[in-house]
Amino acid sequence: MIEICLPVIIVNFKTYLESTGKNAVELAKKAEKVNRETGFYVGVAPQLADLKAVAEAVEIPVFAQHVDAIKPGGHTGHVLAEAVQEAGAAGTLINHSERQLKLSDIDEIVRITRQKGLMSIVCANNPTISAAVASLKPDMVAIEPPELIGTGIPVSKAQPQVVSGTVQLVREVNEKVILLCGAGISRGEDVSAALKLGTQGVLVASGIVKAKDPYAIMREFAEAMKM
Amino acid sequence: MIEICLPVIIVNFKTYLESTGKNAVELAKKAEKVNRETGFYVGVAPQLADLKAVAEAVEIPVFAQHVDAIKPGGHTGHVLAEAVQEAGAAGTLINHSERQLKLSDIDEIVRITRQKGLMSIVCANNPTISAAVASLKPDMVAIEPPELIGTGIPVSKAQPQVVSGTVQLVREVNEKVILLCGAGISRGEDVSAALKLGTQGVLVASGIVKAKDPYAIMREFAEAMKM
Amino acid sequence: MIEICLPVIIVNFKTYLESTGKNAVELAKKAEKVNRETGFYVGVAPQLADLKAVAEAVEIPVFAQHVDAIKPGGHTGHVLAEAVQEAGAAGTLINHSERQLKLSDIDEIVRITRQKGLMSIVCANNPTISAAVASLKPDMVAIEPPELIGTGIPVSKAQPQVVSGTVQLVREVNEKVILLCGAGISRGEDVSAALKLGTQGVLVASGIVKAKDPYAIMREFAEAMKM
Amino acid sequence: MIEICLPVIIVNFKTYLESTGKNAVELAKKAEKVNRETGFYVGVAPQLADLKAVAEAVEIPVFAQHVDAIKPGGHTGHVLAEAVQEAGAAGTLINHSERQLKLSDIDEIVRITRQKGLMSIVCANNPTISAAVASLKPDMVAIEPPELIGTGIPVSKAQPQVVSGTVQLVREVNEKVILLCGAGISRGEDVSAALKLGTQGVLVASGIVKAKDPYAIMREFAEAMKM
């Protein structure tokens, strides 16, 4: 079983050029440095084409951004859990608002990751969807209102009721799942606000990837978690 | 510009375990060996998670199985042309029958690959669809009747009129595009039948990947091309 | 508010010719006859093109087979809740296994139907998915293992643990939702088995639509419900 | 065979409330009035739920906004060509930019409509896509740059080279297909500009549906066609 130290920071590299190829490896090393210096759990989710190189370069957990609800076979152009695992992934994002899935596929992918010992982080747009996916028993649920993604307006401060409402609804159906807060998180105070509202970490993308000094921001996030 | 020696063999690794991870690298090396021994163009299309490792291990052309119609940005879980290119891809399959796309996305992906100097191999189910995609001016069009894929029943022998009909319709709209024949190709005679019908190569998957001796079959394919 | 007498029979007309156009109206009239004779709630779900004609011909509840997660506007080729309601629909199926949806769309469609006073029947493939959709608070959840749909092998008899497991998981998150049982239901005893397992009705398609005497089967279903 | 008098006006009702339910019937009657007064071909494409009522109310051609690539059977929530035909449709839009399809489905739907004697109007985003769909031999191709849809900026005046480029590319592969021009058409002069560029008609939506006086605008369109 995978052991996770709470709270956690997961950095989604998306498909930004700043986090593609060599840049992906460099950014992952900065994340690893923050992990070494602060002890906080920092994971990274690079693109598939970069996954193996990143996983070989760092010792922090590396996540795929997506896997498909398939078994080995004839599925050209799809993402096989076995392939990302052999490439070094510790888990995967599922149903990110930029890669939304049919409900039956989310269910199937959570099952596949559980069987393989991969961590599952299911993304959800709002409190009711968060509760729905929590009942599928993934390892983590990340609440990310899509209208705030990439805006720099942190959900934890702009819509605290969305986060607290999610915590409440999710806890009614699942006491164990780790709850992450995403969308618009770009400063340490956004992170501490998220934790105070009852989440156990953050899922962040442009706030780190597009920052002038991603290391400094990750460090700021980690410092905010100490408090 | 990419120069291609005709005829060509492209091996689609799909998501078979026999062509995942370390197996992908080994299979690619066998393809490279056939290329070195026979001089024929042999390309391989591994999964994305294996693409970089395969591209670093061999000197033959490596293709992605899919890229998305996106530009760098916030597209979690999608496949960026820039990322597969930096990982070492020479091109990509597009619209495989197991990963079919909206027409406007096929058009956009062909444009993106052209801009980046990546080779585009667009797959098509039947003669009219082949002609439709040929008018988008990709580098190659692969005709693969989906009902024959993975059957071992070669389209070039079971449905020669599909192949010759494709050649005719495609040539009316595009004289230059390289035409590949796929679906059910598993023996040398299937390959020579395909070439006699007017195609310039084959796109093959299980016939190689699931063969007891993939090297022997690829070698047989190359010998068949000499005639 | 819509009042529903339990237990219920909902007949999904799918896209069978036997339930298209004039045939749709005739079949709906047979359903209405069973309702009049037995007092049991019998609803029908014809195709969209037939919805208005069916709704004008009978006084039993008529359902759409699908609506989209859209508001009025520029959405060519999509299904607007307002349009099906004005055409006479009392509600709609959502996420049938033949028309599966992204989770966020299911959530949005349930919200839209609630706002409009339309009944929502969300279909689910298995117990965990049933619980997930139950937490979105639709009016009904229909459990239909896709591998049994259209087989004549009744889920209520072949896989009673799927039905009872669904009842249990769903009741943990939602005490009120009406639970239907679908897939393979074709005889009265399948219906009584479904009710004994804790469901409040059945969602049935080919078992009625393709029957030699649909009226007789619906009558048999209703008789089975009396016991 | 269907006979079509050129040039043509096709009004896409989309899912606007102004063209839903009773409003759909009223708007169709205005279109019929313009047809009677001017002799020009005016077709309407209402939502599916309104299709039968509209087809019964007017004698001008009525189109579906979409049909699916299916045959009669178990396809809950999909649109069967036989059903729209029995409801009175003369044809259907296919691949509107708001309802884009996989290429193989476009091909299949064009075949189905041809078999059934339904008219096919395939929409395309740009000149190359227009040529690609023209090679599938539908009855009509409508070029609509999506970025201009609903803007009131007419493609025929803002991007005349898009329209003339489409005419040129399409004619290389298909001499017979009727070419329509869409997106941003809202005045008579936009219509005449479209015809001068070599198209045989217009596909229009908000320019009519959201107009204060839809009858007056359709009349203006028809007058512009006389010149």
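Per-chain residue numbering starts at 1, and chain names A, B, C and D are given in the order in which the chains are listed.
The rule we apply is simple: a residue touches a chain if its C-beta (ideal position, glycine included) is under 8 Å from a C-beta of that chain, and two chains touch if they have at least 3 such contacts.
Only a predicted model underlies this, so the values are computations on that prediction, with no experimental measurement involved.
Q: How many hops, at fewest, get you from chain A to chain C via touching chains?
A: Minimal hop count between chain A and chain C: 1.
Q: If I superpose chain A onto chain D using their CA atoms, what angle of rotation comes out, to the nearest 5 degrees?
A: The rotation relating chain A to chain D comes to 180 degrees.
Q: Regarding the chain C and chain D pair, does the interface count as same (over half of residue numbers shared) or different (under half shared)?
A: Same, since over half the interface numbering is common to both chains.
Q: What's the farthest chain from chain B if centres are computed as the mean of the Cα atoms?
A: When every chain centre is compared against chain B, the largest gap points to C.
Q: With chain centres taken as the means of their Cα atoms, state the distance from chain B to chain C in Å.
A: 44
Q: Can you give the whole-Å distance between the Cα centres of chain C and chain D?
A: Roughly 34 Å separates the two chain centres.
Q: Measuring centre to centre with CA averages, how many angstrom lie between chain B and chain D?
A: Chain centres of chain B and chain D, defined by C-alpha means, are spaced 37 Å apart.
Q: When you check chain A against every other chain, which residues touch at least two of them?
A: Where chain A meets two or more other chains at a single residue, that happens at 97.
Q: Would you please name all pairs of chains that touch?
A: Chain-chain contacts present: A-B, A-C, B-D, C-D.
Q: In the complex of these two chains, what residues of chain A are touching chain B?
A: Residues in contact with chain B: 12, 14-17, 20-22, 45, 47-53, 64-66, 70, 72-80, 82-84, 86-87, 89, 93, 96-99, 149-150, 205-206.
Q: Contact residues on chain D for chain B in the complex?
A: Residues of chain D touching chain B: 95, 97, 100-104, 106-107, 124-126, 128-129, 131-133, 135-137, 169, 172-173.
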